[in-house]
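Naming follows writing order (A, B and C), and every chain is counted from residue 1.
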Amino acid sequence: MRALHRNKLLAFAVAFVALQIILALGAPIIAPYDPMAQSVIARLKGPTAAHWLGTDQLGRDVLARILYGYRTSLIACLLSVGAALVLGGALGLLAAYYRGWLDRIIMRVMDVLFAFPVMLLAIGIIAVLGPQTYSASIAIAVVYTPIFARLLRGPALVLCESEYVAGARAIGASDARIIFLHILPNLASVILVQTSLLLSAAILVEASLSFLGLGTQPPTPSLGLMLSEGRNFLMLSPWSALFAGFAILFLSFGFNLLGDALRDTLDPRLRGQP
Amino acid sequence: MNRALLTRLFDLLIVLFGVSIIVFLMIRMIPGDAVAIMLGANTEITAERMAELKSRVGLDRPIIEQYLIWAGSALRGDLGTSLWTGRPVATEILIHLWPTLELTFLALLFGAGLAVPVGCLMAQLRGGAADVAMRVGAIAGLTIPSFWLGIVLIVVLAQVAPGFASLGYVPFSEDPVGNLQRMLLPSFALALPILANLSRLVRSAMLDALGQDYIRTARAKGVSERRVVYKHALRNALIPFITSVGIMTGYLLGGAIVVEQVFAIPGLGRLILGAIAERNYPLIQSTILVVTAGFVLVNFIVDALYIVIDPRVRA
Amino acid sequence: MVKATLRGGLCAGLMMAALSSASAQVLEIGMDAGPTGLDPHLITAFPSFMVVNGNIYEGLTAVDKDLKVGPGLAESWTVSPDGKTYTFKLRQNVKFHDGAAMTADDVVSTIRRVQSKDMASPLASRLAAVETATAVDPQTVELKLKEPSAPLLASIATIAIVPKSVETNKDALQKAPVGTGPFKFQEWQPNGFILLSKHDGYWGAGSPKLSGLKFNIVPESATRQVGLTNGQYALLPNIDAATALQLKGKPGVKLGETLDLAYTLIGLNTSKPPFDNPKVREAVNYAINRQEIVDAALFGAGVPGGPLSPALKNWAVDVAQFACYKPDPAKAQALLKEAGVAMPVAVTMNVLPRQDVKDIAQVVQEQLNKAGFKVELKNQEQGQFIQDWRNSNFDMFASINAGSPDPDDYFYRTFRTGGSTNVFKYSDAEIDKLLDGARTMQDQAARKAAYDEVQKKLACSGPVAHLAYGTLFSAMRDKLQGYDVMPNRSLGTLRGASLTP
């Protein structure tokens, strides 16, 4: 009974996320208007038959901008979390596999980066890079690298000690072979769950940074930016900011639910932990 | 136990040293001439003005010397002076610390306080539609952008109860009612994700605990259900709870930056954002250092508590 | 729970009522950003200017709400026939906030302070013409100039007189200002508020009427608006059209407006292709539809602008006289063809990070792209923008500049070959000659003729495409009386303002 529930939830989460990814990827086809096309006369309008979600301060279609915004936010977050996963994961595995001084150096550096509150480090990095299109992505990647390193080092350590890996070593498998064929596949579920959860968080961080004017820059449509621009016109027309906020919520929610449901399914022991 | 604590204390010092280096380098890695950037827009910048500023900030010395001077005086409690106002950075931080502390404290109180009953309720309602609904609700609470929620709250409340929506900040000591009135919305906006997170934690800890042998034993011995839940099961939830609260301080700080911006609360987040906007580098570097050090310390204390509470960690 | 909250709210409401009757005459002002310092000779940002100008400090002369220069701390002055000696008669009974009387010595030390290399004041160039300042007697100051300077009286309006004791002190005034103005500094909670209180020894009879000014720093636009509509703030000064539009017609709220002296502009780098070619610069002007910019980005509240603000009624040439101000994308394309550049002309536009400028940049991008350009926007962080601006590291940029009451201040440093803010590397012998001449002219009509010539030449092929002058609004509660919006964003008219119960 409960397993069924769990799978239903997972199916829903997958469908929900997939839908949003399809919307994002299909933006050029689905979007009813060019997200950059301005029309001063039709500015700051509420939902109408022509503009389902209304228009923004320059008369651009909010629906089109949200669809493209999904794209921007998704790409930014996938890139940054992906980069953090590769870099942090590699460091975590190396540390776990080779132990000794390498472990100590890597993990101390990771500790230092991990010591910063996420937003604070991201803001600091952007202060250095200047708010260009990819600054926020780079900042998020840097901030999440130690998280992945620490996340994967623990389970990897356990695996390295296991008889299974010892056996592989005994038959003369190379380090790379052991890491890629024996350790990594066993970490797949942890990686999948955490990536999904961190994507959810990354979407919020990217939105917060854009809100503060430090993330994606105009005229590129981005959800956080739409909210940030729309908030200046709330009393004239709240639609742009309102819908952009919902879009951020849905996207972040989808990935979080997915991570949660995946965790339930893949690793029942971890149920319900944050 | 002392050994475990000492190891962590040693780690703490290394981390703080690393943090100070990163913060220091961050400012100096800014592309171009930081001094030129510090000066304002569309004004005439003379060579004298540049040189004056450079020597005032100490950027005209060798980089190692700059670090030693900065770190040395920071250790002695001298965090430098704010570039434009000439006030000590330590004073600026102290002024801005209280609103942020109050905000985080209230948000934690809200979030953690409500998390226990909500989590217990969730555990009791496990399975079925109510469980799924609460779970979805919790995730929604976790992923709602707090700055967006804040703005929506302000605008909605201004329509519904225009008299109640007081903005800004007054110290508690000056006007306790006005203070709480102003802090209610921002701390609520900030507390929601904490509530969502902690209540799920309480729920799973409860479920775990209720399935354990000793609880069954307690039940079998005729201990009341209430006592089972609160005494035995909750204690089980305490350790992950405290750990989470430690991790949450970091989140709270990040959340506070945007929430302070929305609600016009003069806290640390505003201090840092303002310092970045006005290129006040001495202020930025010392404030980030202090805030991060505080964050590291909180986590250290959480770690220490963890060691004290859970004997297994001592090994 | 609900009940308790309600009671709390009620209780707070009563307390606020009690408080507000006690301090009814303190004007609560909502500002988007706080000042970065309060030393009038060092600050450059608008928020600092708005707090100190005319409230804490005053100059020898003063600019009124029509930008006319009149008496300030000097009640009268005479100019020698050769235009090189100015003699100022100081007002009697002027006291600094610390109680000391203001004398000619303070004026002389103020001028030395601004000119000193050590202070490195950004205002130094305004006093570039002044050779010596001497105190003839405690109430008389004499300025000797190197050469006649037509803009001098307008320039010294911006030089705040400070006590002689701070002549070499760079820090004191930044945090605790002392001036002669109607309000004196009381308290500063950074990122919270700045409180000024009434200066009891103020020379102006009967003013100020308010007992204080409280500048609340509220970064979020929606929050400021709610604060004004619910009566917590009584004034949101110098807001843009979008904000004004949102507050228009709200109960208890009224709007004040004037034409802004600040202008939005597109800067073009004339030191490298494609904008080294005057034809390409002219094409930009034809491609831009200024009325559309006003409608789109300024919500219709503003006017297309030439090199000088129409607010400067005595100086500005009517834009109808500039041929290139009639939008004509086809003509722009033709000019680009004539210039022989490859189309579309790919250029990058640096954008100052302000919402209005970002909006304008997006509109201009659309317009230029329709006329043979291919513009890429580069939204920069403020510091980076300024650095690229200063190093002439740009193809084109979108920005907003504060204007000056006298044409010389803007034109000379911006368009003269080698001018201190001539980041476009623009150089034109004819313009140089006109600017050099107009600077020292005594005859107003001749001077006006020279600047007319300059404006006409600059309008179409100069290094700056001037876009628009917005309407500057202030939103306030009905009970605020006697405050006028000033084109230079000064809040100096608050000295005559009062709150009716």
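Note that in this section a contact is a pair of C-beta atoms (placed from the backbone, for glycine too) under 8 Å apart; a residue touches a chain by one contact, two chains touch by 3 or more.
Every value quoted in this text rests on a predicted model; they were computed, and no experiment measured them.
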{"item": "Winner on C-beta contact pairs when A-C is weighed against A-B", "value": "A-B"}
{"item": "Far-end chain from chain A, centres as C-alpha averages", "value": "C"}
{"item": "Interchain centroid distance [CA atoms averaged], chain B/chain C, Å", "value": "39"}
{"item": "Between chain A and chain C, centroid-to-centroid distance (C-alpha), Å", "value": "43"}
{"item": "Computed distance of Cα centres, chain B from chain A, in Å", "value": "21"}
{"item": "Residues within chain B bordering two or more other chains", "value": "30-31, 151, 155, 261"}
{"item": "Residue list for chain A, restricted to those that touch at least two other chains", "value": "127, 130, 231, 234-235"}
{"item": "Residue list for chain C, restricted to those that touch at least two other chains", "value": "220, 222, 383-384"}
{"item": "Interfacial residue positions of chain B with respect to chain A in the complex", "value": "11, 14-16, 18-19, 22-23, 26-27, 29-31, 127, 131-132, 135-136, 139-140, 142-145, 147-148, 151-152, 155, 197, 200-201, 203-204, 207, 240, 244, 249-251, 253-255, 257-258, 261, 272-273, 276, 284, 288, 291-292, 295-296, 299"}
{"item": "Contacting residues of chain A [partner chain C, same complex]", "value": "36, 38, 40, 43, 57-59, 126-127, 130-132, 213, 217-219, 229, 231-236"}
{"item": "Residues of chain B touching chain C in the complex", "value": "30-33, 36-46, 48-49, 52-53, 84-87, 92, 95-96, 151, 154-155, 158, 161-169, 175, 177-178, 180-181, 261-264, 266-267, 270-271, 274, 277-280"}
{"item": "Of all residues in chain C, those that touch chain B in their complex", "value": "8-9, 11-13, 15-16, 33-34, 36-37, 44-45, 117-118, 120, 122, 124-125, 170-171, 174-175, 189-193, 216-220, 222-223, 226-227, 229-230, 232, 352, 382-387, 389-390, 399, 401-402, 413, 420-421"}
{"item": "Chain A residues touching chain B - in the complex, by the definition given at the top", "value": "1-2, 5, 9, 108-109, 111-113, 115-120, 123-125, 127-128, 130, 200, 204-205, 207-208, 211-212, 227, 231, 234-235, 238, 241-242, 245, 248-249, 252-253, 256-257, 260, 271-274"}
